[in-house]
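For clarity, chains are labelled A, B, C and D in written order, and residue numbers in each chain start from 1.
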Amino acid sequence: MKLLEYQGKNLFAKYGLPVPRGKVAEDPQEAEEAAAQLGERVVLKAQVPVGGRGKAGGIKYISHPQQLFAEAEALFRMDIGGFPVEKILVEEWLEAVKEIYMGLLVDADTGDIVFLFSPEGGVNIEAVAASRPEKVFRLAVDPLAPPPLYRLRAFLRQGGFQGKILEELTKIAARLLQLFFAKELLIGEINPLAILPDQRVLALDAKVEVDDNALFRQEFEKKFWEEQDLLEKEARHIGVTYVKLNGSVGVIGSGAGLAMATMDMLEERGYAPANFLETGGGITEDLMYNALKLVCKNSQVAGVVINLYGGVNPIEKGAKGIVRFVRETQSPPPIVVKALGNKQEECWETLREGGVTVVTSVKTEDAVDSIIKLINSRKEKGANLGGEEVNRDEHTA
Amino acid sequence: MSILLNHETRAVVQGITGRIGSVQTAWMLEYGTKLVAGVTPGRGGERVQGLPVYDDVYAAVEKHGANATVLFVPAPFIRDAVLEAIDAGIKLVVAIPEHVPLHDVLRMKSAAEKNNVWLLGPNTPGIISPGIGKLGIMPGNMFMRGQVGIISRSGTLSYEMAGLLKEVGLGQSTMVGVGGDPVVGSRMVKILQEFEADPETEAVIIVGEIGGNAEEEAAAFIREMKKPVVAYIAGRTAPAGRRMGHAGAIISKGQGTVESKIKALEKAGAMVAFKPSDAARLTRECL
Amino acid sequence: MKLLEYQGKNLFAKYGLPVPRGKVAEDPQEAEEAAAQLGERVVLKAQVPVGGRGKAGGIKYISHPQQLFAEAEALFRMDIGGFPVEKILVEEWLEAVKEIYMGLLVDADTGDIVFLFSPEGGVNIEAVAASRPEKVFRLAVDPLAPPPLYRLRAFLRQGGFQGKILEELTKIAARLLQLFFAKELLIGEINPLAILPDQRVLALDAKVEVDDNALFRQEFEKKFWEEQDLLEKEARHIGVTYVKLNGSVGVIGSGAGLAMATMDMLEERGYAPANFLETGGGITEDLMYNALKLVCKNSQVAGVVINLYGGVNPIEKGAKGIVRFVRETQSPPPIVVKALGNKQEECWETLREGGVTVVTSVKTEDAVDSIIKLINSRKEKGANLGGEEVNRDEHTA
Amino acid sequence: MSILLNHETRAVVQGITGRIGSVQTAWMLEYGTKLVAGVTPGRGGERVQGLPVYDDVYAAVEKHGANATVLFVPAPFIRDAVLEAIDAGIKLVVAIPEHVPLHDVLRMKSAAEKNNVWLLGPNTPGIISPGIGKLGIMPGNMFMRGQVGIISRSGTLSYEMAGLLKEVGLGQSTMVGVGGDPVVGSRMVKILQEFEADPETEAVIIVGEIGGNAEEEAAAFIREMKKPVVAYIAGRTAPAGRRMGHAGAIISKGQGTVESKIKALEKAGAMVAFKPSDAARLTRECL
């Protein structure tokens, strides 16, 4: 979950990281009021959870108060990277004599936390990293023994700083590190970290990504996910992972890999998936019922293929949820269930008794072929409930 | 032979008193796994599925010579449970749960590396050496003893792959689930090295998926391997920028695509299959 | 600085360590009111900063409310180990089925922190430690890597506990450890830690000693030292260490060892020191003036021997303070100053010009002999200012 | 020769920009000590007493090969300053300040031990090898090069002892102040071992005081020593249960008395003097 800039800056301030004076506004009127407290020259910054905002025109520098209302109005009409601008951060306009990059992130390949630092920060940091990598300094951070202040100081000294400014940077680095560990961030980045003409050092931007898995023990001022797609929100509530796609065949898998493979095989047969839905390891009768209901809320869905393994999941209970859905739903779409593993026979029996098509083959393509066949036959014949059995490969023990 | 999990393995079940822990212990015992004890703090002195329960892992090590553990501890508590197991001298740690906070994973991984411990997961189905035992949640009926090693980032797809191999008459030496998280305890390449060195294993199947660069990293070693490697990578149709169930399954900034992985693997001499059943067939053909 | 039991228990409670319900009373009336909220049976515990309180009769078990007032009155009349009872802790009376000892302290010899634990706690813990040392378990604690919960659990298991009680003890141990490090304790001890009939585990006593040197960054509810000797309190204010003794010769040293050696040599000559005063490394003119004034407030003082080294201390400045004291004081006692080290000549000159007796010998016994001689001659002749010079051993460079 | 502080010593002064740090740097330089740099965070780029000032110890090590440090950092900050010096590879750390919180001392000591670093103090006058240099606050004029090693828990008494030795014509190889706190960085016995091994040192004087059991612990080694050991223990007249200036100088529960120390030392074959001038005389007699 990415925080918006202003949320990140509030978090920064809480951990003693210096940020500019500023206020969030939700309409041009509020923006004008906020600016009145900040002085003549201010910056308006659209609050959207995507990068490249500056290049998209989402940042406005205001040198005359009379320009402000119109510019704010224009910003609130914008849509950046698919996100409508609903909030603007109004900040004092500060000019930097030097822009620095400082960031903590996780290198997923190695599992290391890395502290990145460059005395040449700002919008072109990626170009600097590519063309002059010697200007980007890297410190591996052991999560079991984070570097103390003095190691950070020696690290930052490589950027060519000394004395008071170095001390200021060291304190900021230590606080960023403290924040990163205390709030279990995935990313904590300051770019630019600006040195002002009066030698103050301030974080002019804040990029913070938090770990959804740690939210049970971490508080943040706003749960950004609440603004996601409604079906995805409902999926989270049910306890499954759902990603909406553009095809017509609903997909439910009891694991992420299996669900993706099912999608891949649909595509191989010339069909597109309507969604990705993964149950995880918590299948119950209710969960399966709710998952199927969720998938079928998408009006594009012409049929659903369900691919399950009984390992940690009690597929015999999942079967009951599927049967209940079919029974309680008026003209449900065709459904094919492939289910193997622990208690597979019990699962099959429940499904067959409930009139659901069962694939006992180990090949996912057989389940895909079966649902395609059912969808097509439904199209031809009109609305019939599926009740056929596909058993091309019943070697499974 | 087999890798990591063998006839010397004496395992403890951490979180044995939980619902899943208890049920899975029964399955593992039924499969013939050598489980020596369970551990749940605060529940020492009880018995679950006939096994003694201790308050700490040290006790299981002292009294039963435990050298492996499989964890069904809830995600919020798994970090300390894993660190305890490592501190107690356990050398194979199988962390089943998903939704483990990343910072906890980083700490677990760091401790495992410092102590030369095999950490599988989190978010793994576990490990099975058919005919010997299983530490994990995989359905035993899908697997069969044989000469193919499987490394999988996905639980369900590893079961499917085992079932497909059985259809073509092949069994497995060991199936290792590395876990579906962005950061996992053991690198795929390390497990490949174990399979290359194992006399029983004659071929290796990699079941990969989008996200990360584990497959690309593995490719560098495949180039040097004597044994044939077959791979299937799931997620050809997954949209960029979205997490596909597994926290680690995401194409981010153009990184971790199926194409990049296939390219690296093919260049290294691996056979890449378009679907799991093709991977089983290709493996049959090269043995 | 030792905390009183109730202060220690308040600290315990703050860190989640379970303590009995209770309240502090400053007179029998308050004790009765406190008891009324706690039930029929209560315990009255005198709050004094010394051990052995129970054996001295400082703890009263009250089974009938009508006994309470009289017993409380009796306690408030007591004096335990030299401390008058000014506060009583009124607590619910709990019976233990088992008494445990748990303590964290610093082994000064090795510099290790040790966690001590015995399933046989209570008043006889020292006897247990002496006669059955195998019943006292010891865990060395590395301050750079304190033991995590799971190590504590395995440690405490040695006491023969398991299951729920072990888990409870483990939590208590972890919290005691957290408190010990968070508040930088010198001693954090629970004896007894009681298991009650209902399986609850409670700290029935609290022994907490805090580090005076850490008080600049630690807050405690009450600074107990404020109740110390008045002269010692003033000394702390001036910035010196003062210990009142029973003799007649005031001693000031610029170091603890030197001051003690001076006392030892006075004793060798048959004289007793009136005090120990050590300046530490912060000598200034004012500090020396104030120190001398403090020493002379003790009416027993018949003369003062001052023994200084100029290392970190500017003895030439100290000399000015001495001279000022002599000049400003009406009939000051005889004073002898031995001063060596950096700027010794400048120091001597100031003193001599101010009419103060200087010893330039390196032997402290020469200074001691000199002050004795001055005191005795003063006794004989009445009150004269000292002005003689003692130079028996002037080899010093 | 000398111990710990010798001709190879290249020292840095941490806290050089403070009042005491600056004054003492001048005294140490005047005494001929090889000081290569000063360190104060936030003051890098300045010069004090002609020495360059850096923001961190690592810089002084990189640029000047510093291998020792003397600290005039205020007590609240000394822990991190010492840990930094150790982390930067410094092998002799002299921590002058008193009133250092005990938990900080414990951390410093633990780090020093893990890294085989000599930590003197806190609350020490420092170390002086007459004719070579001094890292500390002792007045140089009291000391003279010679063949006696001094180990002292008290600063002022060590100066007095050096002055008394001079009177009887003896100088010092090295005087080591271990510090007056209840817990100090280096054990007296370790320093005795260094003196025993040092060819220049012919006798050792221990200047002890009440409190702790450093002298008792040293006695166990004195028994094995070839060189004569003379001791003086201050505090015969100190009342029990009161801290005598030094945080470590306290007779607590009957432990740490002068009698106990004298008994242990005499039993081990040391000569125990009743006053410092006797110690000087005894030393003279046995050389």
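Quick notes on this structure:
We adopt the following convention: a residue touches a chain if its C-beta (ideal position, glycine included) is under 8 Å from a C-beta of that chain, and two chains touch if they have at least 3 such contacts.
Values in this document were obtained by computation on a predicted structure and should not be read as measured data.
Interface comparison, A-D against C-D: more C-beta pairs in contact at C-D. With each centre defined as the average position of its C-alpha atoms, the distance from chain B to chain D rounds to 56 Å. Inter-chain centre distance (chain B to chain C, centres taken as mean C-alpha positions): 59 Å. Averaged C-alpha coordinates put the centre of chain C at 26 Å from the centre of chain D. Taken as a graph of touching chains, this assembly forms a single closed ring in which every chain touches exactly two others. Contact annotation for chain pairs lists A-B, A-D, B-C, C-D, with touch applied as defined. Contact residues on chain D toward chain A in their complex (touch as defined above): 41-46, 54-59, 80-81, 83-84, 87-88.
The part of chain A that touches chain B in the complex is made up of residues 106, 108-109, 111, 113, 142-144, 181, 184, 186, 211, 213-214, 216-217, 241, 243, 245, 253-261, 263-268, 272-273, 276, 278, 280-281, 307, 309-312, 340-342, 344, 362-365, 393, 395-397. Taken together, the chain B residues at the contact with chain A in this complex read 20, 24, 27, 75-76, 96, 98-103, 105-107, 109-111, 114, 125, 136-142, 152-160, 163-164, 166-167, 180, 182-184, 207, 209-210, 212-214, 217, 232, 234-239, 242-249, 274-277. Here chain C touches chain B in the complex through residues 148-151, 153-154, 157, 162-164, 166-167, 170, going by the rule given at the top.
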